[in-house]
């Protein structure tokens, strides 16, 4: 009997990101099942997942990771949900010289300046998000006003988005407190800025959290009054319900269950429907992809879990996911992956589930994702 | 001798004395008796909380001021060390600089808050501190160039406190004498000294006047104590001790962020511990922190066993799910008010005097 | 009807761990003024509070108008037509004098519904109540608060009036008024149970006297008997009246 | 010597103390009498600094105290007991007095900076507190919580605190209100003893005329905030204003009180009354 | 109250603030949009704070768990409205109202019922002790929030506005959301009812007296226990109503939504002065306006506008604009 392969999954089982974290865990289990053909073993070694709840707290995540490596003697770890937790965890992987597969925390600096060689990421980075989103609005003569939350996530997102725009111009950046509920003032500033300008005018929204501004934006009827459009990135399904206020709105998304037709995704959608009665979401796909990355790597090393073996197996490794092929870029271990340019279905009804149509799959080679960890 | 160390404030209950001794011994020997990173982390957190909670007891239990801004000072201490270590690089001088700056800032803020407390009635003051604390947390995440924003700061400590530092190649008594080990005992000594210092303060004439003010501010003034002065002094002292606790936390975690040291949740934990332990006793801080931090750290594990055992009853299993640990924490809040109105220390002491 | 409006039989009261009343037996005859005397800490206030249901009797029986009220809640007892002036006066400091009075008039929804004549009567007894009608009661002087406390108890007619040291802090002129008020009330058929330290006050009003010590009634009898018997006075009260 | 000059306070339109000028000599006990609401307690509050005067000054031995806080005035030698009991309810009797003793000490003690010599000093403070409690006959209740004391004992403690302050001026506001006639003498004896000390100035507000008559060297009368009489006890008590406004024995008194209880027999609502 | 006694200064604050910022904003249409939206937002805030004026303002119970009733109201609304798709989807305002009104009623009933249990088990042992109130109600809050997660799940749930209540009315360049008009109407009704009950009956007096000296109120023959339960239940029900309004405004609900508005509504009450309905209304309007003005003029400062406002008011009147007693 070979030794078990122990993997710690540290994520927000509770806390503000509870809903996201649970999707990841569900995806991870499905992914392992799919990748191992239901045996849950690689090379005769059984894969054991040890779940830990970081509650969204960086300090807790940090000590849980240390305890996983040291007390539980896991072979590698995966997680967490929040970027803040991830950043606090990174040095721990280095201290214990064990692999940490980041999924789905998005901050650029995870594979950027805070990166170390034990860090891999299957999740998309903010840059990938921003670049793909830029593609959807980037046309000559377009004026863009951004609307984002006033904290690191929002500001970084806008910066990356601006960097990625080649042809369109940003004429206004609006930052609102992360907990804003009354958008009147912010909207007013944007409208005052845009309304008298010529050309195509777009408000690009980067908003995380529970109170997105879409319904309120729709109430303003900006398209009819001033010819101003709205665009934004994808999100989890419940958060995209308000998108229906804008039939025809475009943007780019990390995942939407109907977009890709590869076997992994078909299996995922079918099985998710049959087990949970709902389609798989954003983070389910992420967890699924991470599982496939792990299994691919273990297969490559023939079940050897030595850290150096794993690292050399994973660097440059390509693997199947519900989103198609991903590749861990050698330099910063970021998984290069497709993103999806979507359009909200023309007949979308407010209140109903989000209904997105695929405009175009944006392939990895169509996005120039900068390497930010100084390791060229 | 022991009496002098304890500032003549004996536990006044045999059970309490035993409990205190148990906490002391357990903390002193944690690295030797409980193996593992998690246990050490829990013990270190207890040490930090003992200082933090005792400092809050000085304010709440002895002076009767309900302030929600206490974590602000805790955060200042943690950020002081974090920012200095990030900007100046790891080293003792960074820690010292950060600490001094943090103490100075806490002093000024505590002075301001303390003075404001005299203008409005107590309940308003509490609500104001609540708002101030929230504002400070927002500020900390806004000033991301300095504080690392929401993501916080990860930084390094001087060599001797880093995990990579090893005194001996081989473990001693099964324990690796490494940087973590040193850091733990640094925390332990700091906590012990600060705890005894606070015990001394509350048992000094100064502390007695604080109690008098808590009971009847008007009369305290009338017999010649300047309430403004004592209140402000108490605010400042407690803020400074909280700042030191914050620095201890930063040294241990080598990380700090708004959630870690400034969140309202910590404030609540502190409040709860003071009440569970026994307000106005200082000893309550030690007992309460020990019990609470251990419970909090292992609650999810415990619930997991519970929900596994209850898997036959779906609704019970759902309630016992580790994901609903907060539910049980909430229940703890409620029950502690029900059953420990005077805290564990108060209870034990009352049991003794009734006997 | 029973000739004692209120009877306490073997009442014990515990406050927390303390045993305060050790079997109080007390009869309050209808339509009379019964005086409860005793040194500080004898348990007079505790007895009154136990009658009002503010402390629970741990043993014994309290009857009002033949009804067992031992276990009744305070509001119910009060609704049986009992008024109470507590030792600490129980003034609502944040409310105005008027609002204090309005609350005491249980059946009045606003000031207009209070019996005007009765209000005038109170104003004439205690001019301060009228004078500071719209002031916060907390700002009144000590004696004025005491007047307000008594005024509240007599704003509506009650069958039984329980009063704990109403004369403390009052100027002699006002004490005279209060004596007169109690006399008038008594004449109108109200029964009064009074705890009082001011012997002059007590002497002019009392019909029957009960003396407490250490949580027990150690003597009860008529005022006249007490007034005539100096020996008794000395042995019970430590002084002559 | 304690003196007030044109001391005045207004609450809104109401002048509670109206331009009172008066001096109090050491070695005398001055009784302050007047109807309820005359301004006696307010006058005390102005002297001891609980209230800020609208106009006028308070001086002690020529030193103007007007700008000082209550705490500072206490330290300057003004001791004050309160009409409505005002103690530290959740502390023991002994601790209450000890705090007052400590407040009377100088320097570090009062500010509480003395962190190191707490035992020896503590003992001294406690001994002194003990002594004082004996004098007010509370010696056997040292360890009781004040909240549990009967009213009379709380009054005694109120006086004990004042004694502990070791002041130069003693202000008593109805010290025996609510006290048993058999127990009041404890307090009165204390006041008598104080009186024997020629360096102490004593002010006493009291409604019990027999007490006033016996103790006072001098009586001043306040009426509607104004000082209306000042002199030897016998003279003042005999003066018409005291007889009328205070003792209420004037001839036209009955004229004032014409309203009898309106038709009482009809008004006693029966039972739970609806 | 005759006119001379009327303390008019706080009433003037709202128009004063609005006029004061006019020159800074410049455009009349923008000012109108901001002002109307701010006032309407103030009304919504008033509705969610109205329950707390009873529970905290009058009964002096520092109920940190108040937010749970708000969240509960909103979640109940998702269930009720979710089952009435025909009505909410209709273009007819009447049909929409026929869906929203039952949602409000059910939310108020459920919140009120929970309030009854909350009063009995959480609040009753701690009347008069602020510190314990903070702790125990915080515990109640946590439990409530977790129970909501157990029942409705931790995910956010969309609560779309009924069809006819969406969109805005446009006046030239200025726009006014239709829903805000509805909020103003509901807010005025709540205000009027509260104001009448508290000034025209003895209930307000009794509660205040009961807070100061419970025993005395009982000695006067009032069953204060029942009264307190009743008021607490009404306060909770109002919070439930507030939750429906707030949820519909945000168009989605999360279990933490109550906790998120907790500090805000406490600030409103403090500005208004405890126990005063009028004060709470003024406080809410000021908060609503201030947020919009600073959000437009200096967005960075918007984060701190509430706190700055509260501090300024307290420096002017340490008891809030209208304080009863004290």
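Letters A, B, C, D and E mark the chains in the order given here, with residues in each chain numbered from 1 onward.
Assume a residue touches a chain if its C-beta (ideal position, glycine included) is under 8 Å from a C-beta of that chain, and two chains touch if they have at least 3 such contacts.
In UniProt terms the chains read B, E = ABC transporter permease; C = ABC transporter ATP-binding protein; D = Branched-chain amino acid ABC transporter substrate-binding protein.
Note that the coordinates shown come from a computational prediction; the quantities given were computed from them, not determined experimentally.
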Intersection of contact partners for subunit B and subunit E: A
Chains in simultaneous contact with subunit A and subunit D: B
Whole-Å separation of chain centres (CA-atom averages), subunit A against subunit E: 37
Inter-centroid spacing, subunit D versus subunit B (mean Cα positions, whole Å): 45
Chain centre separation in whole Å, for subunit D relative to subunit C (CA means): 26
Distance between the centres, which are taken as Cα means, of subunit E and subunit D, whole angstrom: 48
Touching two or more other chains - residues of subunit B: 138, 142, 324, 326
Residue numbers of subunit E (touch at least two other chains): 149, 303, 326
Contacts with 2+ other chains: residues of subunit C: 79
All touching chain pairs, where touch follows the definition stated at the start: A-B, A-E, B-D, B-E, C-D, C-E
Partner subunit A, residues of subunit E touching it in the complex: 27, 30, 33-34, 37-38, 41, 88-89, 149, 154-158, 160-161, 163, 166-168, 170, 175, 177-178, 249-252, 254, 256-257, 260, 288, 291-296, 299-300, 302-303
Touch list for subunit D against partner subunit C, complex: 11, 34-38, 40-42, 83-84, 148-153, 173-174, 177-183, 207-209, 245-249, 256-262, 264-265, 267-273
Contact footprint of subunit B on subunit D as seen in their complex: 48, 50, 69-72, 74-75, 80, 82, 86-91, 95, 98-100, 102-104, 109-115, 118-119, 121-122, 161, 165
Interfacial residue positions of subunit E with respect to subunit B in the complex: 60, 62, 121-122, 125-126, 130-132, 134-136, 138-143, 145-147, 149-150, 263, 266-267, 270, 303-304, 306-307, 310-311, 314-315, 318-320, 326
Subunit C residues touching subunit D - in the complex, by the definition given at the top: 15, 18, 38-41, 45, 65, 79-81, 87, 107, 115, 117-118, 120-121, 124-125, 128, 139-144, 146-147, 156-159, 165, 168-174, 176-177, 180-181, 184-185, 187-190, 197-199, 237-239
